[in-house]
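Dropping a structure here in structure tokens format, bear with me for questions.
Letters A, B, C, D and E mark the chains in the order given here, with residues in each chain numbered from 1 onward.
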Amino acid sequence: MAFASGYFKTSYKADLSLVETRTRWLFLAILIIGLICFPFIASPFLLDLASQVCLSLIGAVALMLLTGYAGQISLGHAGFIAAGAYVTAILFKEFNAPIWVTLPASGLVGAILGIIFGLPSLRLKGVYLALSTLAMHFIVVYMGAEYESRRGFATGIVIKPPSIGPFIIRDPLVWYFLALIAAVAALLFSINLVRSRSGRAWVAIRDREVVAEAIGVKVPLYKLSAFVTGAVMTSISGCLFAYYRGFVSVEAYSLFLTIQYVAMIIIGGLGTILGAVLGTIFVVLLPYTIDAVGRALQVPARLTTYMFAIQYASFGLIMIIFLVVEPGGLVAVWNRIRNYFILWPFKRRPMGR
Amino acid sequence: MQIIVNTVVLASLYSLIGCGFVLIYRASRVVNLAQGELMAMGGYFLFTVAMGLFKEPIPSFLVASVFSVGLGFIIYFFLMRFMAGESVFAAILSTIALGILLRGLITLIWTSQLWHPLEKMGITNASHTLVKDAVISTFGIVTVLSAFFIYLALFLCLKFTRWGLRMQAVGENPLLASRRGIKLHNYYALSWGVAAFTGGFAGMIQSCDAILEPGMVAIGLKTFPVVLVGGLDSLAGVIPGAFVVAIAEVIAINYISPQASEAAPFVVLLIMLLIRPWGLFGTKEELERV
Amino acid sequence: MTRNGGEGLLNVENMGVVYNNVSAATHGVSLKVYKNEIVALLGTNGAGKSSALKAISGFLGIDNARVVEGFIEFKGERIQNQPPHAITLKGIALVPEWGKVFENLTVEENLEVCVPAAKRQVKKQDIAQLLEYFPPLQKAKKRLAGYLSGGERQMLSISTALLCKPDLLLVDELSLGLAPVIVDELMGLLKIIRDEQGVTILLVEQNALAALGIADYGYVIENGRIVFAGTAGTLLSHKDIQEFYLGQADRESRTSYRDVKQYRRTRRWYG
Amino acid sequence: MDKPIDLSIKAISLAIGGLKILSGISFDVYKGELLALIGPNGAGKTSLLNCISGIYNPTGGEILFNGMDLARRTSHEVAEAGIARTFQLTELFKHMNVLQNLLSGRHLKMKSGLLSNGFFWGKTIKEEVEHRQAVEKIIEFLELGKYRKTESAGLPYGTQKIVGLGRALAMEPQLLLLDEPSAGMNRQEKEDIARFILRIKHEMGLTIIWVEHDMQLVGDLADRIVVLNFGTKIAEGKPDQVLSDPTVIESYLGTRAGAK
Amino acid sequence: MLKKGLFGMVLSVALVAMFFVPAYAAPEPYLVGAAISITGPGSEPLAPIKDALDIYFKDVNAKGGINGHPVKLLIEDTMNEPSRAATQARQLVTQNKVSLLILAGLSSLYAPVVQVAEQYNVPLLFLGVCPPETYPPKADPNQFCSTAFGMKFDSSFAVPFIHEQSKGSSLKLALEAMNVPLSRNEIDWAEQLAKSMGIEVVDKEVTPPPTADFTPFATKMKSSGATWAYSYGPWGMEVRTFEALRKLGWKGKYLAYGHIQAEDELKRLKDDDFYVYGTNAFFTDNTQAHQRIKAMSEKEKTVYPYTQLTDGWIGATVIEEVLKKVPWPATPDKVRESMNQVKVDTQGLKGGPIVWTKTNHYRTTGYYRAYKWDSKKNAVVIAKDWTAIEVK
């Protein structure tokens, strides 16, 4: 196959492989090496951001499965994250439970919440479903607030760093790799899901519910399973986030958090896992990028108050610009850039989408 | 007795905010999550006008209303126009982004200080005793009356004028309306303008009756329970919806726990979705549309 | 070429419509409609007739499609890729398929809504005059349009379109979902309206038989191309049209579907 | 007919929102036959199909299939019972490619669960390969090879309908319901469809209920025809006999067709 | 198409590039990092702190800095979001290498920022509000507090004050807090204190943070027959409840904690029975320090009015005093060392100096004063002058 003009597969199994061509293997290898080397060259601040991206990615991919693939709109994502975080906090505070208890417990509570959040989806869709999940979010956060004020945890609940055996996970470097592994695991899990039976059932429901049912998909079951999968992954990310931050408090799980996750999948591009990745990177880094721009502008101290207000507003503005200029999301931008380089130096673009 | 008066005033405020939401939804099926920000903007417009242009209340209110309507038009022509035909979710997100933008603008222009437009206009918010034990403030009365008259005006307009008729047609079948030579953009912009006006007016009254601060956008969150209980597409439903939510809130404050008053409207919302998802006055077909 | 001795009203020249910048729906469609004519555009689903119709009425934008080649000229003015309400105001009114009406408005309100702002002088008597063509509607004036029968809906749809005082009436799939008897009645009404009101009509139809019954001239579109054009009479007597569109060729002379071409065995992907 | 009965429809009636759509329709479908269902638009053909496939639950009557009453079953239960259908308008999952669309038809034949899918371990891989082979056979059968990885929204209209047919076949049903497979196709495409339908009947031995508008196709291919009008059955029998039935001509085929 | 592609490319390049823009490279100044809630919900009492710090250190730097080195303030806007505050604190400490961290934000931001301070062992000064970890007998080594309020001390002034004022008449007290930890805890403590003093507490209201309408709460307070009301929480809640009570025709007296807005608000409300108390002197004192704040504020055209700058100004005075005793080059350890034994003269802005010791990072003595409006004099008057409360 030395002069192969294309890459031919010789079995159906080969067609299932995720990484198809040698070039892609090469890119993947570079990416992996880059990710491993990254913490050794980056500043602690960048490392912190990278860990945040990785942890957020789990929640974003989960929302992508739920909304982008199964088509169930949810505005209650922060509720799932809060649930995971509060389960961790409560177990830690009340029973001093270690991470190998809180992590599965968060997942379990997430699963239960997923079913509860998902039940309205059997009857409702679109805006109605979105608003019902929004209501659920408020109720979950209210319960968290009640716990906090009843137990008198004045300024949120502080959680000690988790330990596995004798090792205490505290070092940012360790956290980075932990978050990276968790994110990659979540990514692989999601990619596998969407390319096999369950994922196809979800997309079928999203694209055409009546037809999905006619080919034998148990629609209620699969809707709930989408909610449960999304909720479990998100709750686990909530648990990890709680450990990473070292505290849990109501203010951290406001509607704004949901908005950020929704922004991730829409700005990334609905219906693609890559979109979730790009969207997460974009949304997590955006405020700090805006900060950096603001700082680079060297505004006189007197005007910085206005500068901060502008920064706050520009988060909204950039989101709006994105929605208006590029409804296809970052994936569409990515595909254009890729096509440009694949074709370079030829100008003709392929007849694709 | 006092509790009833309070509830009526609160419900009037909610129905003022909610009607803008319903108008936009009916005309363009867009869920506007920036209703609270539109409301706050109204208050800030009033403050600016009262401080810079007029000292008298009535011209101040009028000019601020004009600004509010203008804001609605601007929002439509510079943002929402481009969201036509996008997914429900993208449209929701764009209104959220709009909310963030507006909040940033408020801090930018008026900072996060507390303001009192009432003081600038040199009038006081006197109290009046209705019956024994029941007191209502001047702007409480204004809230109730303006809710009444704005609703009356809206009903009359929608029922008996060409514009109202066409607005209804646009909401029902935009494609067909456009085939009949109705300029969709104008009607969508109109719905945004009216929504910004009613919301903004609520904000003006609220800023006079209480205080003007960026935090007042949080009231906008109550819109969703209000309109869903009434029915997303039903203007008439907003009023009972507002009452149900206001009553739920007052009951929560008085008999359960004050903090529950934040969650209570959403519990009401969920119960409503469970038993009658299309709302008290909404149409069942609406469920299938979105 | 002039037909009927009338002057040209609509001139579609070499029009190509492309969806999503990629897939072409029509290639070089050319057709002409002269004043006071009834022209039929015939074709099966997906042949490109609805794309042509959307292009003329300005509804391509909604499906992310554009006219990329050629032009559409109406009264000497290029109108391709303009928004629908602008085209309506220029004098082209569309009667959409399935008799779409505003279901939550009454028949009367449906009619009032459709009076364009530019032509305010249209008064109640115009509506009354129009309703004389459609006696069933007159009886149902106060009823919600959602409760009308299929035929009545089409009548309402036609009359609302006529209220826009169009020069050209586009009628999309009038026969769809209606009993043949009612289709005949509606077609007859259209002809009367044309004769009395002087409206030009472009019928876009699958039901070739019904359309050619009243049309003066007809075009047949297939795979995005005009394949036949001619007067109604020519088309009705054309052998292929008879076989494929009118379904009336005798069974002996045509090929049966049972004797279709041989199955080509394609190579399976891997062994 | 002495063939065994596959599906038996007994006095089916359906009303939606006070509107009577079907009233008391009964007929039998025999094993391995190609039964065409014809009638004007709005006669209730598609509604009847929806009743059989569980999308609507009829207000009265029974639909017996393998000793099971389908009248009160949900759509996916009907699918589990071995009935597959195609849809009138192209109803492919438009963001899936052809392969995925066909594989989605194998949903019921596959058994792997969510977790197994997520980790993509042994069972799932084995299943994916196995069912891929089954799907490849259908791709070959329907000559879809060159479209394998094309997203279905970008396919030509006719091809989309064939993929829809393929997805139904992928379910390996006993009974196939076709809803106007040839609608909007040109002669060439109709010939393809005709060929596929005949091959399905002869090579796979499926029972087919076929809603069709094209009288030529029906006349040439169908074993038996049932004619519906205004929700009632007005005729049933062999093609020649039904198509020359005066009531059918009057209410459906139209007198003009004969006259001119 | 090409334009869109370009848009995407420019955007991604900009995104990447922004992270490699060197932030602050100059090593000479004292680096002080501040995470302040300037925008976002609940930022109204905190945003003016930035103004005060800005003008104070502009003046200091103009006069040649501290020990010959200028002070460089690195200010970040937390938007009152906990995660954002944590990230910014980490950025300030690890990337910008500040030797002192300042936090002015709601109580929900404590935990995340304290974590960072602990992890990197950097002293953390609270402006605005502060946690009880700074109180004696065992203060957290890294946490310091120069703010106005202090949990359990404020009400130790307020409750006896009410008791004293109501001598000779019947006293029925209603309490109000907002459902945020600080406010709620303080009111619980006030209730306990009042009961121990034999005061009848007839009502206690806890309002949720985004309350649209305080009338329901005011109605409950009024119907409880209260003659005095004490409210402790954000200014908006305090004053709106008072106004709601007055709207309902309540005739009682009202005590509120006097936040930065208090001075202007007393003049606006002009109500003889509305009392505020706090630890800062009002501008009616017109000391030299007050004159300086006013002059600087007017010169620099601060965003917030000069009456709201006192808190931040005091904080800045403390920072200056601390840095003065830090030998060059400054490190977090040296700064902490200096903070462990500092005595700051507040120049009349408070009732006395702020003194920190190794075990007390709050102050050894708190000084409180109460103000009210006097309609006869048509001016704000002192209702009770400086009262010292020992902090133990």
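Please note the rule applied: contacts are C-beta pairs under 8 Å (C-beta built on N, C-alpha and C of every residue); 3 or more make two chains touch, one makes a residue touch a chain.
Note that the structure is a prediction, hence the values are computed from the model and not measured.
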Chains touching both chain B and chain E, listed by label: A
Path length in steps (a step moves to a chain that is touched) from chain C to chain E: 2
Most widely separated chain from chain C, with each centre as the mean of CA atoms: E
Taking each chain's C-alpha mean as its centre, the one farthest from chain D: E
Approximate Å spacing (C-alpha centroids) for the pair chain B, chain D: 51
Distance from chain E to chain D - Cα centre to Cα centre, in angstrom: 73
Chain C-chain D separation of Cα centroids, rounded to whole Å: 30
Chain B-chain C separation of Cα centroids, rounded to whole Å: 44
Chain C, residues touching no fewer than two other chains: 22
Residue list for chain A, restricted to those that touch at least two other chains: 11-12, 145, 149, 305-306, 308-309, 311-312, 353
Interface hub residues of chain E, defined as touching at least two other chains: 38-39, 47, 179, 303
Touching residues (chain side chain A, partner chain B) in the complex: 67, 73, 75, 120, 123-128, 130-132, 134-136, 138-139, 142, 145-146, 149, 255, 259, 262-263, 266, 270, 305-306, 308-317, 319-320, 323-324, 327
Contact set on chain C toward chain B in their complex: 57, 59, 62, 83-85, 88-89, 93-94, 96, 100-105, 109, 112-114, 116-118, 160-161, 164
Interfacial residue positions of chain D with respect to chain A in the complex: 53-55, 74-76, 78-80, 84-85, 87, 91-96, 100, 103-105, 107-108, 110, 112-114, 117-120, 124-125, 127-129, 132-133, 136, 151, 154, 167-168, 171
Contact set on chain A toward chain E in their complex: 43-46, 48-49, 52, 145, 148-149, 152-158, 170, 245-247, 249-252, 256, 282, 285, 287-289, 291-293, 295-296, 301-302, 304-306, 308-309, 311-312, 325-326, 330, 333-334, 336-337, 340, 349
Chain A-facing residues of chain E, complex: 1, 4-5, 7-9, 11-12, 14-15, 18-19, 21, 23, 38-40, 47, 50-51, 54, 58, 73, 75-77, 79-84, 86-87, 90-91, 94-95, 106-108, 110-112, 115, 119, 131-132, 179, 181-182, 184-185, 300-303
